[in-house]
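So, here's a batch of structures to check.
In the two complexes below, chain A is the common chain; its partner is chain B in one and chain C in the other.
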Partner chain A sequence: MRSFADVHLGDTIGPVEHTFTTEGVRAFCTLWGQTGESRFTSEEVARREGLPGPIVPGIMSMAVLSRLLTDWADGGSLRLLDVIFRQPVPHHQPLRLVGTVTDLRPEGGQGVVEVDVFLERADGERLVTGKALLAVPLDAG
Partner chain B sequence: MFLLDMHCHSVASDDARATVEQYLRWIQVLRGRGYQVDSIVLTEHRRFDGAADYTPLARRYGVVVLKGSEVDTRWGHFLVYGVTDALLRAVDFTDVQMDARRLMEEARRHGAMAIPAHPGRFGIGLVEFLARGAEVPDLEIIEVLNGGSRRGENERAEALLRERHLKGIAGSDAHFVSTIATCLTAFPHPIHSEGELVEALRAGEFRPLRLEETAPTPLRNTTK
Partner chain C sequence: MATQVEFNRSLLGQPLPAGTFTVSKEGILAFCRAVGETNPLYTDEEWARRQGHPTLLAPPTYPNLFIRHLGRPEVLSVPVRQRMHAGQAVEPLRPIYAGDTLSATTRLKDVYTKTGRTGTMAFIVWETTFTNQRGEEVARVRESFMARL
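Moving on to the complex of A and B:
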């Protein structure tokens, strides 16, 4: 379990490599209740909508960023994830999930950790940027 | 050498998530890693908060905090430095369709300076408008290096700079804490006020650079 005392300003979370596959996006869309062909699953629909190819749903990008954070917090909880979608997220492209601890404060008997999070290409170009708040125990004991 | 981040947004801008104090605290992290950052210019979107006083924060963290603005024009975004009450009376900073040339003229008339921000930005940068016939004969400086640019955008700005023999400034365009100071403008002497910044820009002795160029070693990885 991660404790507040273990966390320092400037700590890096990740990076974790991630590639969204069309199969994975289809499975996510089915769970989400989006079963028809869409810009998320169909090359043809995506191109008709002016996109270069099918893209990843915004909430799926948020989901993998959430997992990055909760895996790292290891028992802590995600209080807020506020993101800006800067560019469409493509299928079948190696991407990187990364976070940086930017602020720390004890609050209400817990430690609040503020994190900048990014979903970026291998060359560092950022597709999704955001800010998250995590709550972790003040001490692991 | 005095290094300024000429372009950043705090929570006073509608789409930014960092407070000024968080930026200044993050600059201490960067300094701890060996980088040099001396000053930031807050360039909030379509506004200038003349009443905001960051002097206590600036003193506490040892960073010069200056104020400017980033406004929207028909020919893209412009960074305005040396904003005065008289300029605010002459130009409506909230007008997203303002005439860029008039902005530049009014800024000059009131002792300020208006510089195209991220001119290479696809769709909304000055490069697009110049290609469609916009004329800016008095263009002298552009933001040639912008930390928020997508692939190819800074290169388009660089091409404009070379083609027209312009001078270039740099700024992070930070909206999040950890993105402050990724791009900086180097001046030969310290700058302590908005007036001094405009004078230094007029003097023309500055150059753009990336944060990595200010330290001898690459960014330390603190992965846990």
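Moving on to the complex of A and C:
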């Protein structure tokens, strides 16, 4: 269980490596109700739409960023995840999930942690950027 | 310089009932498998009960799955060259549990344009509120779409 006292401005969350696979994206799309070939699952459709290859749905990128944050908060809860999709997220490329604590404040009997969060390539190019708010207990007891 | 874009202004701020969605245990588990989620609150019903919850919780971004199934009208009344998902925000307000039935209400929040090197783009912002079967708001989702004109 992470407590507010354990968190400091500038703390880094992650990085955690993540690679989206075409099989994983297909499974997600099926669950999502996106059936048939699309920019998310087909090389041909993606290229027809001017993309270099099939891409990861934005909400799938959000789900893995959420996982990074809630794993780190370890018992805390996500209050907000607000992201911008800056560039297409490719399949089969090692990516990094990373966050930085940018603000801390006690609020309503909990600690609120503000985080800048990124999904980036190995060379540091940021594909998805965002802000998150997490609520954690004020003390571990 | 801002460019005006033709759109259906009567939609702005208007709450539109947008569908009812059931949260199933199988759906939560499949979501977790697809995104590599291993937090036992979302994957182990017994664990969730031991933490004081009635059953499995849905991961915070789970309501995103329902968004593409919302019945929403077309906003722009001009031809569009390309559409992209520009951004999204999820605000979990209360736990969502397996077995919940969520009602969605969606509103057109904003339509604005930007002109850049590649031409004029319209941004369309929708906000959707999910309410459970007890009438409690459980999540808010805001989406921004970019349309190249």
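We adopt the following convention: the second predicted complex is superposed on the first by the 141 of 141 C-alpha atoms of A that agree within 3 Å, B and C clash if a C-alpha of one lies under 4 Å from a C-alpha of the other, contacts with A are read in each partner's own complex, and residues count from 1 in each chain.
Methods note: contacts are C-beta pairs under 8 Å (C-beta built on N, C-alpha and C of every residue); 3 or more make two chains touch, one makes a residue touch a chain.
Remember, it's a predicted structure, so these values are computed and weren't measured experimentally.
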**Request:** Mind working out whether A:Ser42 is in touch with chain B, chain C, both or neither, as first, second, both or neither?
**Result:** neither
**Request:** Go through the superposed model and pick first if A:Gln110 touches only chain B, second if only chain C, both, or neither.
**Result:** neither
**Message:** Going by the contact rule set out at the top, does A:Leu78 touch chain B (first), chain C (second), both, or neither?
**Reply:** second
**Asked** A:Gly10 contacts which: chain B (first), chain C (second), both, neither?
**Response** first
**Asked** With the two structures laid over each other on chain A, which partner does A:Thr22 touch: chain B (first), chain C (second), both, or neither?
**Response** neither
**Prompt:** Is A:Thr100 contacted by the first partner chain B, the second partner chain C, both or neither?
**Reply:** first
**Asked** Do chain B and chain C land on any of the same chain A residues, and which?
**Response** 82, 84
**Request:** Using the touch definition up top, name the residues of chain C that touch chain A in the complex.
**Result:** 27, 30-31, 33-37, 39, 59-61, 64-65, 67-69, 82, 84-92, 142
**Asked** Which bits of chain A are touching chain B when the two form their complex?
**Response** 6, 8-15, 72, 82, 84, 86-87, 100, 102-103, 114, 116, 123, 125, 129-131
**Asked** Where on chain A does chain C make contact in their complex?
**Response** 18, 24, 27-28, 31-34, 49-50, 58-60, 62-64, 66-67, 70-71, 77-85
**Request:** Show which residues of chain B lie in contact with chain A when the two form their complex.
**Result:** 15, 17-18, 22, 25-26, 29, 32-33, 150-151, 175-179, 221-224
